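Across the two complexes that follow, subunit A remains constant while its partner is subunit B and subsequently subunit C.
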Partner chain A sequence: MKLTTRKFDALIIGAGGAGLRAALQLSNADARVAVVSKVFPTRSHTVAAQGGVNAALANVLPDSWHWHMFDTVKGSDYLGDQDAIEYMCRAAPKVVYELEHFGVPFSRLDDGGIYQRAFGGQSQHFGKEQAARTCAAADRTGHAILHSLYQQNLRARTHFFDEYFAIDLIKDDAGHVLGVVAFEILSGEPIVIEAKTTLIATGGAGQIFRTNTNALSNTGDGMAMALRAGVPLEDMEFVQFHPTGIAGRGMLITEGARGEGGFLINDQGERFMERYAPKVKDLASRDVVSRAIAIEVREGRGCGRNKDHALLDLRHLGADTIMKKLPGIREMSLTFLGLDPIEKPIPVFPTCHYSMGGIPTNRDGQVVVPVKDTPEDPVPGLYAAGETACVSVHGANRLGGNSLLDILVFGRAAANHILEFLEENRLHRPLHQESVDQALARLARWDRKGDGEAVEPLRRELRKVMEDHCGVFRTAEVMREGVTKLRALRERIDNAVIRDHSRTFNTARVEAMELENLMDCAMATICSALGREESRGAHSRMDFPDRDDERWLKHSLYSLQDDAMDYKPVRTQPVTVESFPPKERVY
Partner chain B sequence: MTLPDAQTRWRCRRGMLENDLLLGCFLEHGYDELDQEGRDAFERLLGYPDNLLLDLVLGRQHTVDAGIARLVPLIRAATAARASD
Partner chain C sequence: MEFSIYRFNPETDSAPYMQDFTLADDLIEPGMMLLDALLLLKEQDDSLSFRRSCQHGVCGSDGMNINGTNGLACITPLKDLKAPIVLRPFPGMPVIRDLIVDMDNFYHQYREAEPWLINESPEPEVERHQSPEDRDRLDGLYECILCGCCSASCPSYWWNPERFLGPAALLQAARFIQDSRDQATEHRLQRLDDAYSLYRCHGIMNCTQVCPKGLNPSKAIGDIRRTMIKRSV
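Up next, the complex of A and B:
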């Protein structure tokens, strides 16, 4: 059978904000660009980002990129790379004005300037007064950005492969990445897309946890592809959790519910936060509340048939307060749980929201790997941007408003570097057939018939193992048990089968390949978390409760081969300004 | 599974978890009972941007498309049915 082959200057895998921003930059510079997306581009998860984009425009309060940089370094618990953070904060105003010109309808001030709202973690004068730095298009900034970028790409004639699933990168013996092998979901037919440069922009991997806020499509496909191509993943232990997701569903119940006086109870009806934080109780910081819920469940005081969640009780607030002040929460609860919080408490559990870790890149978006004594050697032809990448601007914890900024700044930066690369590399390198055959074998593996476990139960089990063993309650013992369970699951996945072997629109095959990707990302997360014997930012170890800069001010690198861990230094030197040395974080 | 069903199922993969759950529940409880007119309306609904789709299903916005308007309570009922499982 002859394979369909297409050739482009640049290939973008993923059509969220990072991918589309990069594609636009490239198409506008007359490069031949292809975007591969497993869902229609405007159904990418960027659409769910509500908050906004941080940029020191100083439209509402005095501000400077340097203060923004300080806040981001501090928020990262000093694990962020300060050169990349400086670059991002300096570039922020420019990318926001570009978006304005692309048609994003930002909320406005009376004088016509872009309105900016105050978010947690933002300060003036390096940690002093509150700043107002977040530019938003009402409460649907991600939606506005994604749709504007998509329209601009259509205008710029970017080529879209909609509903194509990328299987694996093509890489030659010299280590150059040459494109991807994908298949069209509609026909089931594989396709080789050769490209002089390939950018991975496939978003996060929140679906590795049972309770998460992510769209079902966030299965870490790009991260897993990178792993299989021999690229380690960086800082995967850093996963942002929100304490009160709707149990078993994942959607957020905002802090506002507890701010209005709602409180958490266990199966005894006890207000357990009184034991964990006697003063502030239910208004303790996110990590404290998250861990308290996890401990109650672990110690057998969880609620419900499976005793696997806590309850958020709003009943004492009364119908009037709930309907006037918390209508959105009531609506979510009625819709997704069929219960009215006026009458019954809401089941909640910590929900995974964002992956700080990912494919290691430099600030030009080039994927970098350790080679001999060099910790960051670029992989020729390979780039990554957005949540799938770890540049690393978020370090151990991400500030609100910095994720949309990350995708825009580094999507654009990667595209600029790709254009330079294309100037110097005008010809396609010869296709590496062995690498293509390996990818096709991965696809063909799911044609296997006979006995074997089904995909969906394995996926459920994987997500539960991660929730129980690598969620917000982390100790060496708990995680070691989790690694053992995941390794057993990995073998079972190797022997799993699907019943539907049709070619056309066989979504069972897509979901099976997503499961393999989830498996690799889950293993990267738990091995990295087990390796890091300290608590920093979003990574909190019960057995190592303190930050340990002497031993652990370094990035983790997980490799698929032997589940090996390696480490590399943090880039503490910014581009033009003085470094912010690590300090205790106090807000 | 026939072609339209598989294709429709994949197009229920959305950018927001809320929509994934709402549409996923409806595929399990309700979609099979739709007549052709209802299925056509569902296809039109899938063409909506995610935020608008969510607003419609949650009743925050209304549509003049009578076919889609008829679907909204069915989608909500399907989600509620799963909630009580």
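Up next, the complex of A and C:
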């Protein structure tokens, strides 16, 4: 069989904000760049981001990148790498101004400047008064950004492979990454895309949990590809549960709702966050608010017939603010709950939202792995950015408004480093056929006919195991049981079959390959969580309730080989300023 | 609950046909959306093909014809639909398989509208300023999710998909014409000034009727026309 082969300078897998920001930078610099995406670009999950993007513009209240940096380090529960955090916070205003120049329809202040709102974990003067740092386009900021970035890429004539599914990276014996083997979903035909540089920007893996705010397409494809190419995943135990998912359903209600003045109440109508975070109350960090809701419910103060959720009250904001600043969440409440937040509070419960962990990179977006004595040796030709990566700016807990920032800053930074790499590496390396054949075998595996379990029930079971065994509160005993169950599931997935074997737009095959990716991400998450014997940020161990900086101020690294755990130090030294040493974290 | 769903696999079917599906009552939960039902039907038959992603009406993947009207499966409540629920691919677009249509022409027309900000002035070091009133003029225009429900319900687009831009692309044209930061209004109007691109709209208003985001392409098209007329007098 003759295999289609295409060659590019730079290949980007994933067309969300990170991928499109990188693509634009590369196209504008006249590099030959291709973007592979399993969905049409504007359907990528960046489109669902609501609240906004953080940058110390000081349009509303005084601000500085240094305060932003402090908040991010503290928010990360001191696990974030301070060099990367400094870089991100310094770059933030510039990337937001760039977005505005690209045409993003930001909401505006009376003076015509970009509108900024308060979000959780933000402060002025290193932990004092509340800051207003989140730049917003109503509550549709992700939509506004993703569409503008796609439009700019159209103008720049970026080459798109829309609705192509990336199977695996191509890697030669010297460890260079040479591109990817993918298949066109429309025709089912495999294709080899050779590239001097490959950027993974495939987003998160929220679908490993039953109740989540994520798109069905957030299946951790890039993370799993990296694992299979021998790259360990970093800090996968840190999964953010967003405090305000719609109870029982999972759709996201932006933190901006609390930023605009909304608050949480329990069954007694009490503003319970006053007890958990006396100073900032409902605008504490997400891990803190999520745990507070879970505790209220556990102690019997939940709302509703089953006393299983809290209420988010926006009524006092008035119809004007809700219609103007939060129109999207009003629309969603009406659609999914038949409830108008102008008149009634919204039932909410913590919901899996974001992977702080991912593919380890440095602040240039290069994927780095431990080699002998160096914990961070770049993999030549391989980059990662956005939720799929772990650079690590979010550490153990991400601040709201920092994920749109992460994808923009590091999508751009990766592209800039790729341009440097291309200067020095002008030729394609020879294709590594063995690696191509392996990827093709993974695709062909789903042609298998005969008896076997179906994909969807296995996927459901996987998500249930993760919810039951690796949720908001964790213990060794429950997680060990989870690992055993997942290992059994892994074997069953190896023997699963699909019934649909046609080539044309075979979504059953796509879902089967996504399940394999979910499996690898789930295993990485639970093994990392079991390994970390302390509570930090989003990772709460009932059997180890305290943070333990002496033993655990380090990053986890999970490898697919034997489900092995390894660790590397946190980069506590920023680029130019002094380090923020770990302190007790109170809000 | 009964469903009648359009099936076509080009590899095995010489012609499309409607297939009946039943979703057991005990699987139906209150508040369920049509997409939830479709995902359960796909478990019965994994060859049933449709696009989907975000599940809450922002990605625009799962547009289809639902009991005769275009809409998004993920935000269409099951309880509002009369059974048997008849599901077809978008009318007027080539069918790839089952409920999946070829949207290439739709995207082509979108690109024809040059949906990107054009501003040749030197970029300031900070943001370009825009008054809240000027920004308000983008409301109802920028929120489009490119699901295709509107263009696929427009008879003018069915007849002239290559020459009439269709409501979705024209909404984009309006979004940039209205943007106080954009300097290419004249260029944009010129590109639309022929017998087809804009003027094939006959004000049927199906687009506005079906838009799952509550947008009004019909009004946007009317506004472009008025701007066009003002410019010629």
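The rule we apply is simple: the second predicted complex is superposed on the first by the 482 of 587 C-alpha atoms of A that agree within 3 Å, B and C clash if a C-alpha of one lies under 4 Å from a C-alpha of the other, contacts with A are read in each partner's own complex, and residues count from 1 in each chain.
The working rule: a contact is a pair of C-beta atoms (placed from the backbone, for glycine too) under 8 Å apart; a residue touches a chain by one contact, two chains touch by 3 or more.
Since we're looking at a predicted model, the values are computed, not measured.
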| item | value |
| --- | --- |
| Clash-or-fit label for the pair subunit B, subunit C on subunit A | clash |
| Partner chain in contact with A:His143 - subunit B first, subunit C second, else both or neither | both |
| Touching partner for A:Met251 - first (subunit B), second (subunit C), both, neither | both |
| Which of subunit B and subunit C A:Thr572 touches, first, second, both or neither | neither |
| Which of subunit B and subunit C A:His45 touches, first, second, both or neither | both |
| First (subunit B), second (subunit C), both or neither touched by A:Gln152 | second |
| First (subunit B), second (subunit C), both or neither touched by A:Asp500 | both |
| Per-residue touch tally on subunit A - higher for subunit B or for subunit C | C |
| Subunit B versus subunit C as contact partner of A:Ser64, first or second or both or neither | neither |
| Which of subunit B and subunit C A:Thr475 touches, first, second, both or neither | neither |
| Subunit B versus subunit C as contact partner of A:Leu339, first or second or both or neither | first |
| Single subunit C stretch clashing with subunit B - from 127-135, 145-153, 163-171 or 217-225 | 145-153 |
| Contacts on subunit A seen with subunit B and repeated with subunit C across the two complexes | 39-40, 42-45, 47-48, 140, 143, 147, 186, 215-217, 249, 251, 331-332, 335-337, 500, 502, 504-507 |
| Contact set on subunit A toward subunit B in their complex | 38-40, 42-48, 140, 143, 146-147, 163, 185-186, 212-217, 249-251, 331-332, 335-339, 500, 502, 504-507, 510 |
| Residue ranges of subunit B touching subunit A (in the complex, touch as defined) | 1, 3, 6-7, 9-11, 13-18, 20-22, 24, 49-51, 58, 76, 79-80, 83-84 |
| Subunit C-touching residues of subunit A, taken from the complex the two chains share | 39-40, 42-45, 47-48, 57, 96-97, 100-103, 105-114, 137, 140, 143-144, 147-148, 151-152, 154-155, 186, 215-217, 249, 251, 328, 331-332, 335-337, 454-457, 498-500, 502-508 |
| Of all residues in subunit C, those that touch subunit A in their complex | 9-12, 31, 33, 39, 42-43, 45-47, 49-61, 75, 77, 96-97, 100, 103, 107, 111, 114-117, 119, 123-132, 134-135, 138, 142-143, 145-146, 176, 179, 181-182, 214 |
